[in-house]
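Each of the next two complexes has subunit A plus one other chain: subunit B in the first, subunit C in the second.
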Partner chain A sequence: MSAKQRREAFEGFLFLLPNFLGFLIFFAVPLALSFYYSFTDYNLFQPPNFIGLQNYITALGFNFDPEAYRLALAQGSSIFAALGELVTPKDPTFWIALGNTFKYAIGVLILCIMPSFFLAWLLNSSLPGMAIYRGLFYIPVVASIVGSALVWFWIYNRDSGVLNIALAYVINGLSNITQNLGFTLPEPIIGWLVDSNYSLLSLIILTSWATIGYDMVIFLAALQGIPRHLYEAATVDGATRWQSLFKITIPMISATIFFILVTNTIAVLQIFSEPYIMTQGGPANSTLTIVYYLYQKGFQRFQMGYGSSLAWLVFAIIFIITTLQFRVANRWVYEE
Partner chain B sequence: MIKKNLQFVLAAVLIAVFLLAACAQQPAEQPAAPAATEAPAAMEEVTIRWRTRPDNQQEQDVYQKISDELSAQLASQGIKLQYDPAPVTGYLDKLTTEFSAGNAPDVVWIPGASTADYANLGVIADLMPYVNADPDFKISDYYDAPMNELQNNGKLWGLPRDISTLVMYYNKDLFEKYGVDDPAELAANGQWTCENFERVAQELTHEDEKIYGFSMSNWWGPWGWFIYSHGGNMFNADRTACGLADPNSINGLQFMSDLFNADKVAPPPGIEGGVGETEFLSGSIGMFPNGRWMTPGMRENAQFNWGVVEMPNCGQQSTWLFWGPYVMSAKSEHPEQAWAVIKALTSPEVQAQVAALGTNIPSNKDQAAVDAFLNSKPPDDNQPFIAGAAYAQAEIPLYTGNWGDIVNGQYQPNIDNILYGKASVADAVKAACEGADPLFKKP
Partner chain C sequence: MLGQIERVTTFQKIIYYILMTVLALIVIYPFIFMLTTSLKDSPEVFASILKPFGEQLRFENYLIVLRTVNMGRYMLNTAFVTICVVIGQIFTSMMGGYAFARINFPGRELLFRIYLGTIMIPFVVIMIPIYKMMQVFSWLDKFQALIIPWVFTAAGTFLFRQFFKSIPQDLEEAAIIDGASRWTILWRIFAPLSVPAMATQATISFLYAWNSFIWPLVAIQSKTNYVVTQGLADIQGGYHASPPIIMAGATLVILPTVLVFLLAQRYFVEGVATTGMKN
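Let's turn to the complex of A and B:
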């Protein structure tokens, strides 16, 4: 390199330096440290001791207890219940949190992707006022999650929340009709956040409400990028609206669908704010997500080594899922 | 050529500015350091940084005033106080970070149940050497219950800032509206038993009007009371095992389950400090157990006549004594002066000032402090708070295990199942103890 080129390269590096330093100090170094801590028993205050894979074994491992198995059989349990005593997880709460997180993810993906595409499709017209409608749907995305969570907390209130009041009104109205037909509808008092059967669903609805706008905007952009002449050619060939939807629209935006699927999956598997603000993981651990669990362990119960190992396990899971999505993408994503 | 040089100079200045900005953040976090280095030659003036967690702005103002007054008082010993406030939400998170970084305040308040965690981790200092060296100081000046919990293996981990007993707040207007016996009268006649409590709750409950006789927040305070009031215990005698399987504990939890699921005198509880308190404040709940800290909010927001009464007697007259100590950071550079500050902050004079506000009860048995508290009205009758201190179970710092893992991680989900009717008491207790027993540190 000539002196001039070297000089230019050096200047370029200097311009990058602040950003690079920030990246190192606030991202790369903590990341590396957390990987190191995941192999120690770090409790935030005393120097960490290296304990190898112990944290990972505790999270993923199982206890094998033939004694408890024989005892259960002797006490008259069924073979299934006794098998449950034979092999028990070392950290049952981890599996509960993981299960909750997957349920949460599937719920949000179902409630977000198709409805947001449908919304984008509806809003992809040039009727007057479209910009306002698009803006309205996007507002939940920019609203602070803390503010939204607090408002929804009161909407979900069992006795005085708007949701239950509205439901009661509708059901009472309907039961006037059904009574004439001869049967009564059950009283709808749903516990929402205080009923472990509905608590996860409540959070799923909240997260979907906050995400639909974002997905919708992206789908809208993709829809507007589809060339008009394809639809015209299809109409000439006699395609129905449904056929042009499935044969033209969806394949042309399949890359966008893939993008939405991947980014939403990555985001929703790391949900933390909603359980933290609204339910603290309850009732009975029904809304305990894996990131909230690692926060509890690491920051509230001083088991930072274990918390770090959980964080890296979450990373591994998301990495595997994303890789699988990319593999499968080759078959259904249409790229020009 | 000149232009290139100018660009180079500008880039260098930009980087320098960023670096300086980053460094400039530090002093705001550590004001103690520059203050200490200004020590004049004659008497070394030491700045003790201290912090507590006030529940509202009035309390914060009082603590700031106390800080200034004590600064003036202790100036003769060369001590200057600096009150370092922290937000209420995330108080412990911030403190944990500061302990970890080594720049925690010299003197700081922590909840009683957290004392053991910080003691076991070695971040707070043992005060016993200072007690032994101090002839004027008597441990017996303070209520026994918290002092017993603050001492472990011959060490003393702090001095209690104040105490707060669990009492039953009740809505006098609702009792009058439905013509139900007033609990204070029942208590005065020695008839405030659990049977009467259940009866009164049933008489108050009118579900069609969304009025419930009883409600509670779902944390270890209220559900723990049900256990202790029936003679049970959350742990075994030396706190190395789960105590929920004890028959008395089970009776207590069964009584609680019946209130929610069989009698239906209470709506499903929400989380601590959440829905339950707000519903009581809105006037739709007859009775609500809580600590003294709810009183300022009641004074400001309650639109009905209310009073307090001791918890009912279910066989073992019991209540909780919530407390929190001032502790000294193990890395404090001026432990002698920090000890003097802790003593001053828990002295009867300072405690009387805080008690006059009405948020908490002095931990010092001195009569002047107690009188200041008794005169802080409403409620008209503050005696139930003081009376409870005599037989209360103090908030438990668990030296033999991690409170979060055991109580929040294992007990709480199973209590949730009982409260929401998803599991029988026997099954829930079995699951809780199975999960919790391995987590205790065996001797």
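Let's turn to the complex of A and C:
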């Protein structure tokens, strides 16, 4: 290495130093520590003891209790009920949180991707005023989710929330028609946040509302990147608007659809604020997400070793899902 | 879609604008609800929930939130933290991005790839050790905990590296011949050219810092050091938890980001497009 090269390398390190030190101290070191904690019984107040895979076994493991199985059969339970007694998760709450988080992710994907694509498709026009609409649709994305969650908390209010009042208005209107036909519709009093059948759906709607603008902007950028001559050629060949949509638009933006699938999934798997503000994970753990559970374990009960193992499980799930999505994407995503 | 290929009739245009307006109203309705409720009197909220206005506009709700609930203090705290994070992130990202884009040093590409790989790792993975670290540094419950761990960003470094790579090499070579140092080149030549990248990164950092919640929630305990999201969550559980007061609080938390967004829309959208599409 010449003196000049050495000097350049030295300068390079110097320029990178503020960034690299921060990266080391506030990222690499905590990452290694977190991995180590996940194999300990760390509780913040006492030095951590190494306990091997115990935390992961607690989270993912099952108890086998043949005694309970026999007892249940002897008491006349069905074989399925008895099997439920035989195999029980060591930490049932973890599985509830995991299940909720998956449902949450699937719900958001369904409620987000189609509407945001539809909005982008509508906005992809040369008519004036489109920037204004785009801006309006994007506002929920920049608004603090804590603020939005509190607003929706009151919209969802069971007895005097706007949503139930509006639903009542619609249903009463319909009842006038159906009464003539001889039956009445049920009273629309839905406990959006207090009924465990609706609580998770309510949070899914909120998160989707706060995400649609983001997806829409990405879809719109992709739509505007499609060369116009493709559409012109298709029109000349007599293609209908629907044929253009399915034969040109969707294949051309398949990489974007894939990108949105991945980013939305990663974001939803880390949901915390919505259940914290609106439901505290309830009722009956119906909105307990995995990161909220991590927060409860790590920062409310100070089981930081167990909390760290949950954090690594979240990361493992994100990693596996992303890898799977990449694998599957290779088959259907069109790349230029 | 409309107007791209075929000609559109006036009737189609009217239908189209009506549809867009209805959709936009549905999407922003929660904010309309928030604003109108924040100006009502507490007892009339439930009696007149669908009406936009109560008997009179009660701007004093905002005074209650700013003074009695102390939201004014929380807003100042958050503004201070946010400004520090934005400036810090831009500074470290520009230095790092310049090093990655323009200076040859051994291990550069490998290190850059490691940086990129870390973007995928969620914050919750390192939250517990960082909490412990803050405790060791005696930074818990102080603004340092909200600022210093946050002024280093792999994504920002990536953004500036990409931007600097697009700047022609000649500019720099001419300056080197004139005897300029790299420090001068970065701040005198590259910085003025990268205002759009700075604005894009600033919008991303600003949104992130102003809206952050889970980390302040664990790192800050004293009410005097609360940030806005914490203060807002606190109103709901507190003595003043009536809908108009909560909605006034939510307005104060949401309005700054919306205003900045409306003023700098272009950079927000560019931020989404760059962080989104180039990865």
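As a convention for this text, the second predicted complex is superposed on the first by the 336 of 336 C-alpha atoms of A that agree within 3 Å, B and C clash if a C-alpha of one lies under 4 Å from a C-alpha of the other, contacts with A are read in each partner's own complex, and residues count from 1 in each chain.
Here is the rule we use: a contact is a pair of C-beta atoms (placed from the backbone, for glycine too) under 8 Å apart; a residue touches a chain by one contact, two chains touch by 3 or more.
This structure is a prediction, so every number in the text was calculated from the model and none was measured.
With both structures placed on the common chain, the touch criterion links A:F102 to neither subunit B nor subunit C. By the touch criterion defined above, A:P18 lies against subunit B and subunit C together after alignment on the C-alpha atoms of chain A. In the superposition on chain A, A:Y56 makes contact with neither subunit B nor subunit C. Shared-chain residue A:P140: touches subunit C; no touch with subunit B.
Applying the stated contact rule after C-alpha superposition, one finds that A:L44 touches each of subunit B and subunit C. Touch criterion met: A:P92 reaches subunit B, while subunit C stays clear of it. Of the two partner chains placed by the overlay, only subunit C lies in contact with A:Q5; subunit B stays clear of it.
More subunit A residues lie in contact with C than with the other chain of the pair subunit B and subunit C. When the two structures are aligned on the shared chain, A:Q296 is found in touch with subunit B, with no touch to subunit C.
Once the two complexes are overlaid on the shared chain, A:Y198 sits clear of subunit B and of subunit C alike.
The interface of subunit A with subunit B overlaps its interface with subunit C at residues 11, 15, 17-18, 44, 153, 160, 299. On the side of subunit A, the complex with subunit C involves touching residues 5, 8-13, 15-20, 22-23, 26-27, 29-31, 33-34, 37, 44, 119, 121-127, 129, 131, 133-140, 142-148, 150-155, 160-162, 165-166, 209, 212-214, 217-218, 221-222, 228, 231-232, 235, 256, 259, 263, 266, 269-270, 272-273, 276-277, 291, 294-295, 298-299, 304, 307-308, 311-312, 314-315, 318-319, 322.
Residue ranges of subunit C in contact with subunit A, taken from their complex: 1-6, 8, 13, 16-17, 19-20, 23-24, 27-28, 30-31, 33-34, 37, 45-46, 49-50, 91-93, 95-96, 98-100, 103-106, 108, 111, 115, 118, 120-133, 135, 148-149, 151-152, 154, 157, 182, 186, 207, 210-211, 213-214, 217-218, 228-229, 232-233, 236, 243, 246-247, 249-251, 253-254, 257-258, 260-262, 265, 268-269, 272-273, 276-277, 279.
Of all residues in subunit B, those touching subunit A in their complex are 4, 7-8, 11-12, 14-15, 18, 92-93, 96, 99-100, 117, 121-123, 210, 218, 267-271, 274-275, 279, 282, 284, 402, 404-405, 408-409, 412-414, 416-417, 419-420, 422, 435. Across the interface of their complex, subunit B is touched by residues 7, 11, 14-15, 17-18, 21, 43-46, 92-93, 153, 157-160, 191, 193-196, 279-280, 282-285, 296, 299-303 of subunit A.
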